[in-house]
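Step one of this worksheet: look at the structure below.
Chain nomenclature is as follows: A, B, C and D, assigned in order of appearance, with residue numbering initiated at 1 for each chain independently.
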Amino acid sequence: MEQATVLDTKVLEVNMGPQHPSTHGVLRVKLKLDGEKVVDADCVIGYLHRGVEKISENRSYINGVPYYDRTDYIAAVSNVYGYLLGVEKMMGIEVPERARHIRIMMTEFNRIASHLLWLATHAIDIGAMTVFLYCFREREEILKLFESLFGARLTTHAFRVAGLWKDLPAGFEQAVRDFINEFPHRVDEYEQLLTNNRIWLARTQGIGVISGEEAINWGLSGPVLRGSGVDYDVRKARPYGGYEEFEFDVPLGENGDTYDRYVIRIEEMRQSCRIIQQVIDGLPDGPVRGKAPRTLKPAVGEYFSTIEGPRGELGYYIVSDGSVQPFRVRIRPPTFISLQALRRLVKGHLMADVIAIIGTLDIVLGEIDR
Amino acid sequence: MSDEEKPKRDSEAQKTAGKTDLKEESAVAEEGAEKPPVKAEEGTEKSPVKDKPAPKPKVKKKIPSYEDVDDDPVFQKLNEKVAVSVLSVQNFLDQSICTVSLDGLYELMVDLRDNADLDFNYLVDMTALDYLGDEQRFCLVYQLYSYKLGRLIRIKTRAAEDEVVPSVSSIWKTADWLEREVYDLFGIEFSGHPDLRRILLPDDWHGYPLRKDYDIKLQDQAWISSHLKIRKTPV
Amino acid sequence: MTFEETLSIYVFIPLVKIAVIVLILSGAIAYLTLLERKIIAHIQVRLGPMRVGWHGLLQPIADGLKFLLKEDIVPSKSDALIFTLAPMISLIPAFVVFSVVPFGSPETLEGPLRWVLSWFLEAGSVETVVQNPIASGGFVTDINIAILFVLSVSSVGILGVILGGWASNSKYPLLGALRSSAQMVSYEVALGFSIIGVLLVAGSLSLVEIVQSQQESGLWYVFVQPVAFILFFICGMAETNRLPFDLPEAETELVGGFHTEYSGFRFSLFFLAEYANMITVSAVAVTLFLGGWLRPFPNVEWLGFLDVIPSVLWFLIKVFIILYVFIWIRGTLPRFRFDQLMEYGWKIFLPVALGNVIVSAGVLLL
Amino acid sequence: MIDFLKRVFLIDILKGLALTFRYTYTRVYTEQYPKEKARLAERYKGAPRLNNDPETGETLCIACDLCAVICPEDLIVVGSQRDPESRKKVLTHYTFDTSRCLFCGLCQEVCPTNAVELTQDFELATYSRESMVWDRNRLEKGWARIEFGKDYHK
């Protein structure tokens, strides 16, 4: 008979989620733990699967749009933007300059709002709960802007084919200026609470390290990729919608760890602010909605429209069969792909780091499950 | 969308989809051009309050079409051995589309990534299309990006319903979940995939929702009644 | 000493004091939860509870009622006896510690006692009783090993956390319990060493005498032993599982840690225990380092007007300040990771505490 | 050296504490929602309403069915009848299922007469599923909401 020794240990299987405070929705991770050390992690997703791609095949090009709000509901404006860019390209529709600029501005606002939500939840996962509410305060200001322009706060149904629903309301420009004057100081405050804090550093530096080459192989994009030092931003690589007219920098990390990704997202918020400043300073006059047929029937064909969403490369592969409904709309979900890398990132880390890494991937389950 | 099209909505896409084939695409494109979008009650719809587009003058637009490209530098640089499996190289709205045969898919993909001149090391996306009624029913679509060239290309390949597609998850780790998703929603099998399970739907679900013969309101009633303990949902 | 006198000194008066302290402490704990919610809310530019009573003043009562009315769930696979006992084990020691903590000077109750006792006893006996510090002091008892008593009793409290986590027979509580035991072992040591510095200076283990020696030297020990005070404060935070050391709970990692499976009244006991421990640690810290019931600079003559405020009130003000800092820190800092916590405990706090003891001893020798 | 001293004296943590302390005594951001009325934007897309002509009191709806067609969720049902005399379509009934509404605003955008409109009313909570399907009467009158507290409308 084999003698059991005192040091014989068993792998502990812990079910993290789908009801867990820091899996950001209904993600379920099956963790195998050796003590608190993660041996393996398997993600179970699909709890929020609504079949958006199937629904979009059964809706027209116009009234399918609200559904894309609801994939990545944190970045609803970006989602609609990416889809409409594709449809407009296929239809050959021109968007007036004013509308193009306002679209960019609102997408950048959405990026800030999304990053704020990310910072808030990331910080509260690691225990800094005050940052959570400070971030939500600023996000609230952005949502108020959304509300005054789009008429809704979260699932905005932001843009229409060939432009916007309505022009900017009165006082909107002033509100934007007030916000971007104030916002950089607020970012300084978050940094004052986190960036140099030794506990924050200890919790994020060296956690979830991934090299640039590996990150590419895993198909990561957005801040997660740039954290590993790969200079790839769709706004720069394949400018769309007029981004080439604006100046901004793409921050890059060096170590590819959670801390670098944090720094990058903070810097991206400042850069977005810069873009908004440029837009609002040079906002042209004119109509906000171009000419478009009432019924959209793109010719047979296909288009892969990609934009730089807040979470990474967001793509819409639209295939038309010449009818009023798309033959297929494939959403390239950035966080679906980055969540894959979770298994690789958490291996060998402690249980507490798992939530830090889930946080740093900035996942939204609505988009992962679609 | 106008009045008349409304009742047809659910079935229309499927019917048209069934007819469509890559070879017939140009023909269908012309057909689409002949029938301009129906406009109902155009004059009355304009309201003074809302920023509506002005009634559109009927200008015949240039309709985008597939153009064959013979001298694309990317596909010129391919290894000769794998280049034979390239069936066609096309351009549509400035995006390159390369159709390859299923047999040569894997080798071509390996070459695209490992070829030092090409270096397509980023698999942006991978999905499938269902051309119901075709002999080779499915079309697999791979979007590749090369950081070195800064180019996005699309590789397409056709597969029949019972054909097994070689997995590219050993080339790009990204393909792991993407192939699982295609397997889950289209029911296409991949050979050489390390862990081919359903990903979005429950493991014991029957049916593949993104196939064109799967109606949008169809559900796996057996699964629902056994797991959710509810009777058949009214359709 | 007559029988009546003995009876009043050692039985009746302490019983009354105990009753009063337990009542006040329970109320204080309940309102500490409200205080924490309010302070953290204002840190976070929120309002906190506003609906129950004026600015939410009745919120603790509503919470308590809610806890009492909730369903009491004992998981079927748990160890029911220990599961039931654990919250009590956790709460009771926090109260017991207060039997030796001096709230006020030995003369605190002289006036009221003289008045009350004159109804029951003769004038001579009254004087005897009143002269006895056990009766008239602002504390339940004064034992000469008070600090050892505090240390030993308070570490029993953590046993409740470990038992609760173990008895739940669930994975998250188990991890919480394991973290808690490791944390207790590593921080208890540093906590003990940080106290030794004070003992060396004061030359006594009795809490009353430590305060009195602070009066004699005219300096609070926080000025004599600043390093020890900071260490005691940090280790105290770790002992009470407060952020940034709240790993056994760590709601974003372990859901609720050791109390994941608890609900209703049992949960509220754990909840109260945490706050009771906060008060305990603050009270001990005030006694050891901040001069207990003494006013600031107790020997400076011209500050004599500060004596208008009774000694008990001074004590309470200081405790409140420490609690405020506890809450304030919770509202600011992120949480440590388990291994980092151990690293800090063993590699930084313990050596520093040891060094502090050696330096203090050396200075005293010279 | 300075870095080391900064570490020893917990400068990083003290900075954070200073910030939170400063905020403790500044104005709070909370809106006391049911007590204070929420400040909504003019364009807010909330509860639907079917507008009547303010002068004649007759409905503005011409039963053109555009809203029903554009609706992504197919939740609007427009019933109409041809008036035998004037040969005009007349609205007979109109239902709007708020339980499935996405509040995308396409219906009000497409309406040629501004008859259907999404208002700023957002308190749509109710006690039953059936009552979430609004008929023409309710759409014209507006939603009788379930009120919180007696001083709500002050």
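Remarks
In this section, contacts are C-beta pairs under 8 Å (C-beta built on N, C-alpha and C of every residue); 3 or more make two chains touch, one makes a residue touch a chain.
Note that the structure is predicted; figures quoted are calculated from it, not measured.
Chains that touch both subunit C and subunit D: A. Distance from subunit A peaks, on a Cα-centroid basis, for C.
When C-beta pairs in contact are tallied for each pair of chains, A-B comes out on top. Separating the CA-averaged centres of subunit A and subunit D is a span of 26 Å. The geometric centre of subunit A is 46 Å away from that of subunit C, both derived from CA atoms. Computed centre separation for the pair subunit B/subunit C is 66 angstrom, with centres defined by C-alpha atoms. Between subunit B and subunit D the centroid-to-centroid distance comes to 37 Å (mean Cα coordinates, whole Å).
Listed for subunit C are residues 43-46, 331-333, each touching two or more other chains. In subunit A, the positions touching at least two other chains are 62-63, 130, 137, 165-166, 193, 197, 199. Chain contacts: subunit B has residues 1-2, 45, 50 touching two or more partner chains.
Residues 40, 43-46, 171-172, 175, 243-244, 246, 250-255, 331-340 of subunit C are the ones that touch subunit A when the two sit in their complex. Those residues of subunit A lying in contact with subunit D across their complex are 59, 62-67, 69-70, 130, 137, 140, 144, 147-152, 155, 157, 160, 165-166, 169, 189, 192-193, 196-199. Note for the complex: subunit C touches subunit D at residues 39, 41-47, 50, 328-329, 331-333. Interface residues of subunit D, counted against subunit C in their complex, comprise 13, 16-17, 19-21, 23-30, 32.
Of all the residues in subunit D, the ones that touch subunit A in their complex are 7, 12-13, 15-16, 19-20, 29, 40-45, 70-72, 102-106, 109, 118.
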